[in-house]
Amino acid sequence: MKIIKSKFDSFRHQTNIIIYGTNTASGRLFDLILLGVIVPSVFIVILETVKGFIEKYHHELIVLEWIITIFFTLENLLRILSINKPLKYIFSFYGIIDLMAILPMYLSFILTGASVLTIIRAIKFLRLFKILKHPKFSSQSIRLKEALITSKGKILIFIYFMVISSIIIGSVMYVVKEEEIGFTSIPTSIYWTIVTLTTVGYGNISPITPLGQFIASIAMIMGYNVIAVPTGIVTAQFTNNFHRKTVSDRINPCPNCGTEGYNNAKYCYHGTVLK
Amino acid sequence: MKIIKSKFDSFRHQTNIIIYGTNTASGRLFDLILLGVIVPSVFIVILETVKGFIEKYHHELIVLEWIITIFFTLENLLRILSINKPLKYIFSFYGIIDLMAILPMYLSFILTGASVLTIIRAIKFLRLFKILKHPKFSSQSIRLKEALITSKGKILIFIYFMVISSIIIGSVMYVVKEEEIGFTSIPTSIYWTIVTLTTVGYGNISPITPLGQFIASIAMIMGYNVIAVPTGIVTAQFTNNFHRKTVSDRINPCPNCGTEGYNNAKYCYHGTVLK
Amino acid sequence: MKIIKSKFDSFRHQTNIIIYGTNTASGRLFDLILLGVIVPSVFIVILETVKGFIEKYHHELIVLEWIITIFFTLENLLRILSINKPLKYIFSFYGIIDLMAILPMYLSFILTGASVLTIIRAIKFLRLFKILKHPKFSSQSIRLKEALITSKGKILIFIYFMVISSIIIGSVMYVVKEEEIGFTSIPTSIYWTIVTLTTVGYGNISPITPLGQFIASIAMIMGYNVIAVPTGIVTAQFTNNFHRKTVSDRINPCPNCGTEGYNNAKYCYHGTVLK
Amino acid sequence: MKIIKSKFDSFRHQTNIIIYGTNTASGRLFDLILLGVIVPSVFIVILETVKGFIEKYHHELIVLEWIITIFFTLENLLRILSINKPLKYIFSFYGIIDLMAILPMYLSFILTGASVLTIIRAIKFLRLFKILKHPKFSSQSIRLKEALITSKGKILIFIYFMVISSIIIGSVMYVVKEEEIGFTSIPTSIYWTIVTLTTVGYGNISPITPLGQFIASIAMIMGYNVIAVPTGIVTAQFTNNFHRKTVSDRINPCPNCGTEGYNNAKYCYHGTVLK
């Protein structure tokens, strides 16, 4: 019994190193295989909706789907088995995604009805987030996330401001519509304003009277210029994070007198070479 | 008489704390209730314009509108009663918005005629600005406003430059139009140029001759590149405000010798630990 | 004769102060009148192209045009008379614009033919640039111009890169077109690529085959991301100019020991208060 | 034999100076001639696809094409002959472009079939990259390239994030489509999402149901705001590179005491004038 437990512990340890670690050759190989399965698995779900494709390769797609699902199920089981706190993993962001990635196929036994299945199948795209766990990207994506989280408050205010502006400009357009085509209700007018403010400009709804075109012009110039605001917020945050990192890297105490905090200095004020 | 006055003063004081303050539990509750009324009140006005909706729920909407209007009227009265300088509040930005938010319903008794009422009803959307008074957003929105106000001058110059460019490119397009469709007058051509320069691109008017497409290409590349200007202005302002705040936070005088202004220094030049 | 010369000199001097200066009340008044003439003069030219407008107000417009032209002619004459180096002014940027602003009306005597006249009339829009000479805007517009001139080199490289990309992507689209509609020649394909890369997106030409949509997607994501490049260039320049100004404002020598260049310091290292 | 070798060596050396160097008058002339040939050569390939043009000038175009090809062939031969390590040049980026620029015409003898030839002909556009070798642009384009390479990692993460978002939003749109027109398959929905997220907005596919327009609005606001991310990354990089250059330029050691790293200081702490 003890031997089995000891063997299982050894197996758990090694599996942990392969699945979660990235320093060993087998760990890197595992990450590569995972990548090599996620990408085609997403492509299959996408291609299933292309007309003529599913009729032609129906059988092959089902088989492929099951191979992928079993692979992810095994990966999921190994992850849960080899980690110290399985529950913490299961309810983590990536734990939930891992579960979502395999659930749809098993649910397809119970549930029937095409539209429900399509919705569930689309959840599998969340697998793509797993790639961001890859060591090559994780450090960069963490820094991106940091900068975005710090500037979240200001960006939310800005989005709220955009929503108010869209509602006000949209209802103004609805009020002055008279001869305009397409501005049938305030929600539609708000939709048009968002299309205009964000400079998307589909063009299926667009003003045709001089007054409507004048209001649209103001909305466009406004939308064109206020893009500076989210950009300014995020950039200031990036520049600052960048700077902070650069500065903190440089604040090495002088080995001679312990003085710290020189700005790019190469010599301590007492003459000792700093770097 | 004195007791009444004293009681009224006490009531005024407590109302003031609830309505304007955010440190007490009742103050926060009041802010929450306000939010919970503003958002649905705006939704109602929006939905009233959707065909089929007003016919179905006409009676319910009228009742809801009146409940909301009475709630805002009460809020408005309490705000005026509980503040020290009522006139200053009434003529402030939010005071005017508060009045505008309740006026339309009372005006609907006097004025008749659908189009006038629609215009007035749309004013109620200004209520949404009241949410920005919420303590959670106010500090962030003040900083955003500061940065925008500081860079206002440069942005106005830039918008003016865009307007000149639109007029010139627009009239050039009108002059070379010949076989083009849609460029019927200079105002329309200017409208098209704004649509193009701001990268909105509706597509209902677009050049079809080689010369027209060439001029349009120049306008597009210009519009694509000059977006850098407002962004650069606002970003420089944000970065600077950010930096100023960071620096001023750090300029603590050395407790030993009073020297100030060390850049990220941890030690005074005389060896005293700064932080 | 001497008296006349002396009187003329005095007149010249006073005119110079009024026209070029902005410190006197009459100087400011002159700038205001100029503004008040430029804006309507441009509006007239624009409105002349609106159908039904010129038929209705033909006579009034001609009279107004002549009043404006005579006003500008007088202004131009006074500018030339009152300046020390008239030739330098005449061949300066604003000198040429001033001439262009009055020439079209006088040329209309000699030249006949509607299309030629329309072209010449559009030149009058250049008058709008005169507003930028207004003291309120000049300092801001100079700083904008400075930042743009400094980053001109990099932006030109970037535009050139965009043109190459447009040519290459455009010709790729032409090559793979087969079933696509609208990609009839490489110039048209290049035009479409510019429309796509600059995120304008008119939509009158757009790919319909999977391969075309795939190439278009790459062009769009590329266009969406590379906008960062001109923005980054101009922003870095703005931030730098901003910083330089801020720093140079602060580098005041210590009045006691002459030491300079403290970064935001309030005290000289020898204890003297710096500001 | 020796004389010939010596003469050839001298010829090689002089050719090298003319072709690769830019300090001599003939070197600058060579660069200018090259420019003067590349630009028209590209125009010819573009114009060949315009209907009616090739029928009219067929003979002239063929002759011109051959003149240009022979010129580039000669240039290529001289480059290979005059360089010390010919193989290193041939397999370099510009070496391959140089070969690609001449190959199509020679291949046209062997290969027949219009579509194959068009593809090959388009490769000639790569010649335009040769202009970036011009000394006037090289320093600027190197700095641009540096900043882009440094921020490559973060931008790739961002593009990947955009692709995931497009797939998820696209499949959500496909799932809710019901009454929508154009969202026939997930690939098409993803294409629409990319068109929307990048604010291009062609408008040939666009949502018409309230739910579809709501999802589209979220995608648009998201796309409008997240443009801040690539811009922020590149700008932070530019600002930093700019700053680094500025700082490193200023870190001149004090000629008196050897102290370095003063931030914009004009005087050494010991009183010596720094610049």
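Some points to look at:
Letters are used for the chains, namely A, B, C and D, taken in the order the chains are written, and counting of residues starts over at 1 for each.
To be clear about the criterion, a contact is a pair of C-beta atoms (placed from the backbone, for glycine too) under 8 Å apart; a residue touches a chain by one contact, two chains touch by 3 or more.
None of the values given here were measured: they were computed from a predicted structure.
Farthest chain from subunit B (centres taken as the mean of C-alpha atoms): D. Separation between the centroids of subunit A and subunit C, computed from CA atoms only, is 40 Å.
We define each chain's centre as the mean of its Cα atoms; on that basis subunit A and subunit D are separated by 29 Å.
Counting only residues that touch two or more partner chains, subunit D has 158, 163, 187, 199-203, 223, 227, 231, 233, 235, 239, 262-263, 269.
Contacts between chains leave no pair untouched here, as each chain touches all the others. Across the complex, subunit C meets subunit B through its residues 42, 45-51, 115, 118-119, 122, 125-126, 128-129, 131-132, 137, 140-141, 143-144, 147-148, 155, 158-159, 162-163, 187-188, 191, 194-195, 197-204, 223, 227, 230-235, 237-239, 241-243, 246, 262-267, 269, 271.
Chain contact summary for the complex, subunit B toward subunit D: residues 199-203, 231, 235, 239, 263. Taken together, the subunit A residues at the contact with subunit B in this complex read 153-154, 157-158, 160, 163-164, 167-168, 171-172, 174-175, 184-187, 190, 196, 199-203, 206, 210, 213, 216-217, 220-221, 223-225, 227-229, 231-233, 235-237, 239-240, 247, 251, 257-263, 269.
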